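In the two complexes below, chain A is the common chain; its partner is chain B in one and chain C in the other.
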Partner chain A sequence: MRGYLVRRLLLAVLTLFGISLIVAGVMRTLPGDVVDVLAAEAFYNDAEKERLREELGLEAPFIEYFGDWLVNALQGDFGRALRTQRSVGDDLVNRIDVTLELAFLGLIIATVISVPLGIVAALQRSRWPDYAARSIAVFALAIPGFWLATLAIVFGAKWFTWSPPLGYQAIWEAPLTNLQQMWLPALLFGLILAGVQTRILRTALLDVLRQDYMLTARAKGLSRVMLLRRHALRNSLIPFITVIGVQFPVVLGGSVVFELIFALPGVGIYLLDGIANRDYIVVQAVNVWIAGAVILTNLIVDVSYGFLDPRIRVSS
Partner chain B sequence: MASSTHASASVAEPRALDARRVGVALFRVVRRYPFPCLVTLVLFLIGAGSGLADFVAPYDPNAINPADRLQGPNSTYWMGTDALGRDVFTRVLYGGRASLGVSVTSVALGVVVATAVGLVSGALGGWFDVLVQRIVDMLMAFPGLIIVISLTAFFGTSVSLLVVVIAIALLGGGIRISRAAAIQVGSQPYIEAARTIGATTPRIIVRHILPNALPPIMVIATAYLGVAILIEASVSFLGYGIQPPAASWGFMLGAEARIHMIEQPWLSVWPGLAIFLTVFSFNIIGDALRDAFDPRLRGAG
Partner chain C sequence: MWLAESYERPDDTTWLFNIKENAVWEDREPVNGRNVTAEDVAFSFEEERYGGYPNRGAIQPSLVGVDAPDERTVRFDLSGPLAPFLLYLGHHAGPYVMPPELLVDEMSRQTMISAGPFLLDEYEPGSRVIYKRNPNYFDAPKPYADSLVINFIGDNSAIAAAFLSGELNTTWFGVAPPIVEELENGIPGATWEYQPSLVIGGVFPDLALEPFNDPRVRQAMSVAIDRDAILTVGGALERGQWSTALPPLAGWWVDPKEDDALGEFYRYNPEKAMQLLDAAGVDGLDGVPFHTTTAYGPIFAEQSQVVQANLLQVGISVDLVVNEPTVHYSTIFNGSNTGVIGHTLSVASIEPDEALRNVFIPDSPRSPIPNGELMADDQQMLDLLNAQRTEGDVETRKKLLYDLQLHIASQMYSVPWVNPPISQVARPELSGVQFIQTFAPSPSLEDMWFNDL
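Moving on, here comes the complex of A and B:
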């Protein structure tokens, strides 16, 4: 188990390092003189331009530039946003809770929807509950999140004269207002995410149900409920946890759109603002953070395999 | 096939011209898989309407007509008009041409590159395989939408760039699938047999592994068509995809359009419905293909 953990951790660090290198490399190959573009956007004068050029280390060779960036980033310093001159690291810390809350609520709602649907579909295979559950899943898979959110806003305003409250409140400042703002985006997000989860859980359960040990357990007289609880659900946990790991990037990507439509000041909006201002310091930092979050999730998923399935622990 | 006389008679005739035979085969497929066939028909209509938009569309997509602005669906404007009085049905058709064009091209590009890299990596193994796996890990750490908006925002918003960037977003998963297929096929006895009679590695990859690894790749390609449509629509929705005044499904639902949707809610319905129907159809066809190629998985998802 220890060797397994160490190996996974090393791979994660290596991947994150590679990603930082690639992101920095892409940013350095931007067409034209970056400083001119940035300075024009931020209305800098010549002296400020010189300072910027020096601060970004654009004159230095790439290795030196990347080394500096990496050393600073490891200390939590991701540079300053070009327009606001605020610390990008601090900005991200202030915004990450919005995105994480949305992602977390969305995943919980998706799980609440998909677990019963998946179980019913697998147990009632090829009967109408199965077809119904699968249809819901395929529908959810094909609906663009931003369309669902747009419809909710448009028809909410039209039919119920309801619109999402403006002025975001953090959950620890005003929990009630926060939930008033969050429930709808989280619900819609959860509906979208439930599609993939239902499909994976159903497939995983069907795989387990056709195993020989299920027949043995049934033969020794275990009730159907016990069979499901003790054998089937537990053994289908691994693919199900995998899907949450696989979905995490989708969740973070999808969050951008929901944050925009519901005016939630999360990391997604920060990225959009950074892109609109052509602030490549912000874009670089957000990309590395998002990739880091995905890698961390996958690491947690991999480690939880070791806990859930002793075979994985032993074989590696 | 009915009887042996019938079969022998058809040998003499040119088979390709036997319309009745084709009709019977088609009828059988339709009766056996009614839903995937219906969905294929829907997709065909969307594709034909969009591809032939120049001939099919009732109006000029950019013709501004303020007198008729923000109408609901009626007999003159089947899907109503937008804030500039442009015909929404026409714009949905042209938007489909842009969306389908971008997604089909980017999926073709992404899947061809991913297949080449994945097959070679899976067949060769060794240091190349390790390298490719690390690159895939990195690609998979970026949400597709994030890669696409970050890159298009900096490198400009041309259509060809959009295609390349969406293809990059699809690479990671594609390489993973084709590599797994190559490893699975590579362990078969006939590959060993081919090696024994002296076939070179490139020959084995092209002649033996590629054809046998194609089914899972075709399934993922079909699923990716839906994914690419969704990415393109999201990027255009955010304003970094296909640029106005050209029509695109995503932009028609974007921030600018949303201002007028409270006044004319139909504006929020049509482009989204078009995206949904297209993605839904690709997903259903992908599932049907998977069932057809791999009967063990029939009804598995």
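Moving on, here comes the complex of A and C:
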């Protein structure tokens, strides 16, 4: 296990390096830079733009720029945002909790919705509960998140004179306000995510229910509940957990829509602004963070296989 | 201007200001509540420091020197009379007064020090700014509000929802026309303010690109465009206006719908457009690159399609290119993309001198006109630009500005755009509060301090 983890961590470092290099390179190839954005507001002339580019280090050769960034990043210093001159590390820390909270709540709600729906659909295959559950899943898969969020926020205000409080409050600072702010975006996010999870769980369960050992267990006289809990559900969890792991990067990326509509100052909006402003420093830092989170999640998912199914050994 | 107790102008090129005795910076490092001095003001205007910043250039070309003869007196020496001098002092084109201490260790990039009615309390990037009342404000007991919270909301529906539910007391800018109706009906007693827009914008052909180097072709484009149809796309026909070389909010803008001489250059008239094109020897054009953007919201790009259809009616076929904001700002917005027609908004401006100089001074870094240096041959325009800037008599300046609008229309260096109004809505509890987009000293700004509450 230890050797496996060391190998995965080394691979993670290489992956992070590769992602940083690719993102830095791609950002450089995009037309325009942060000085163009600043100039649009302040109207610098060519000489002034040149001076600003030098001051911000944009004139340095790519290798030199990337090398400096890498050395600083390895020491935990992600630099200052080109546009705002604020510490990117501090800004990220302030925003990560918003996005993580939205992502975790969304995934929890998705699981709470999808597990019963998936079970009902599988056990009642080709009957009306199955059709109903599958319809809900397809609806969740098909509906665009921004549209659902817009409807919810507009009709919430129109019918109930209610919208989430503005100005994000961390859960440890003001739990009640935080929940008032987060429940609606998390619920909608969870509903969207539940579509895939429901379908995967249904398919996995149906697959398990057809196995011979299920027939044996039933012949032994196990109750339907025990059968489901001990044998069917546990054996269906591997594809289900895999999907949640795969969904995590989607959740981090997809949260931007909910952050925008619900005015939540998360990492998604930070990245979007960074790209629009051609703020290479911000974009690189956010991408490294997202990549790190994805690698970590996948590692956790892989390790969890061993606990879910003792036949799987991570060393193999 | 608010800092001044009084001012005098001993001659056309000298201004003396007395700083209010009780004006103090806020009570924290590095100023610790010390007095605002004339030295602070002189420092902020110091030519060397701001000489390299064209965005502070409205006064700069006329500024010979600023000094502080004593602790409370500031003296400005100008190279010649400057008609909008007082206005420039108080709006965004002038330097912001700040204490010199803020330049130590580049502190000005990290913090904000105020002597005004509100102090920065909290800044959450991408979320909100909270200002708190300045207890030592020199014009006490103002401000009457304890705090001012400005929320950044990126979605129109979310703005409307927050307003309907009472999370927002007022909104400024950015409420799309379809949502206006919902808000109007949703809150009994809400008050609405519509203001003319201060944005200049238009269709900017490359002045060196054939056949657009011919003023007749540019005039043809102008009368081929149905400006009211464009306003309809934005849902703002009722209150929308047409720009000339000046935006509607600028002083002495003349409404082309009301003025026959100017109207000739702007009223929708495809037959006249065809005649002008014939006279210029143009018999249809194909594949002209026409660049627009999503930088100003989806409606802007839709309006570009109306222009595309209008031009096609008179035989000019343009290929629409929609640029994302940063590409737009680095090319079309500053006129650096030659060989194309650009469609953009430009600098917000209320002072006619600033509005005109931004766009029509041949070497202006702010102008969206490609190859704008070709305007250097237009001595009549340059003389008029200079004359209005230095003319102190209001009526004479007004006449000069009318002549300028007419002259620029005849040359049609840019084909001016339409201006949907800016709307602001306030809930009943803020009745009477009005944001004025002048960026200038104005008694109306005091309404921001909730006098009526």
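Quick note on the criterion: the second predicted complex is superposed on the first by the 267 of 316 C-alpha atoms of A that agree within 3 Å, B and C clash if a C-alpha of one lies under 4 Å from a C-alpha of the other, contacts with A are read in each partner's own complex, and residues count from 1 in each chain.
Everything below uses one rule, namely that contacts are C-beta pairs under 8 Å (C-beta built on N, C-alpha and C of every residue); 3 or more make two chains touch, one makes a residue touch a chain.
No experiment lies behind these values; they were computed from the predicted model shown.
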Looking at A:A291 after the superposition, I want to know if it touches chain B, chain C, both of them or none. Which is it: first, second, both, neither? first
Is A:S126 in contact with chain B, with chain C, with both, or with neither (first, second, both, neither)? first
Regarding the shared-chain residue A:S114, is it in contact with chain B (first), chain C (second), both, or neither? neither
Going by the contact rule set out at the top, does A:R278 touch chain B (first), chain C (second), both, or neither? both
Contacts of A:T150 with chain B and chain C, given as first, second, both or neither: both
Between chain B and chain C, whom does A:E48 touch in the aligned arrangement: first, second, both, or neither? second
Have a look at where A:P265 lands relative to chain B and chain C in the superposition and call it first, second, both or neither. second
With the two structures laid over each other on chain A, which partner does A:K158 touch: chain B (first), chain C (second), both, or neither? both
First (chain B), second (chain C), both or neither: which does A:Q197 touch? neither
Residue overlap on chain A between the chain B interface and the chain C interface 30-31, 150, 153-154, 157-158, 260, 276, 278
Chain A partner contacts - residues on chain C that touch it in the complex: 52-55, 109-110, 124-128, 149, 151-155, 157-158, 160-168, 182, 186, 324-327, 329-331, 333-334, 347, 358, 365-366
Parts of chain A lying in touch with chain C, wherever the complex brings them together: 30-33, 36-37, 39-48, 51, 84-86, 91, 94-95, 150, 153-154, 156-158, 161-168, 260-265, 269-270, 273, 276-278
List the residues on chain B that touch chain A in their complex, please. 134-135, 137-138, 140-146, 149-151, 153-156, 226, 230, 233-234, 237-238, 240, 250, 253, 255, 258, 261-262, 265, 268-269, 271-272, 275-276, 279-280, 283-284, 287, 299-301
Chain B partner contacts - residues on chain A that touch it in the complex: 11, 14-16, 18-19, 22, 26-27, 30-31, 125-126, 134, 138-139, 141-147, 150-151, 153-155, 157-158, 199-200, 202-203, 206, 249-250, 252-254, 256-257, 260, 271-272, 275-276, 278, 280, 283, 286-287, 290-291, 294-295, 298
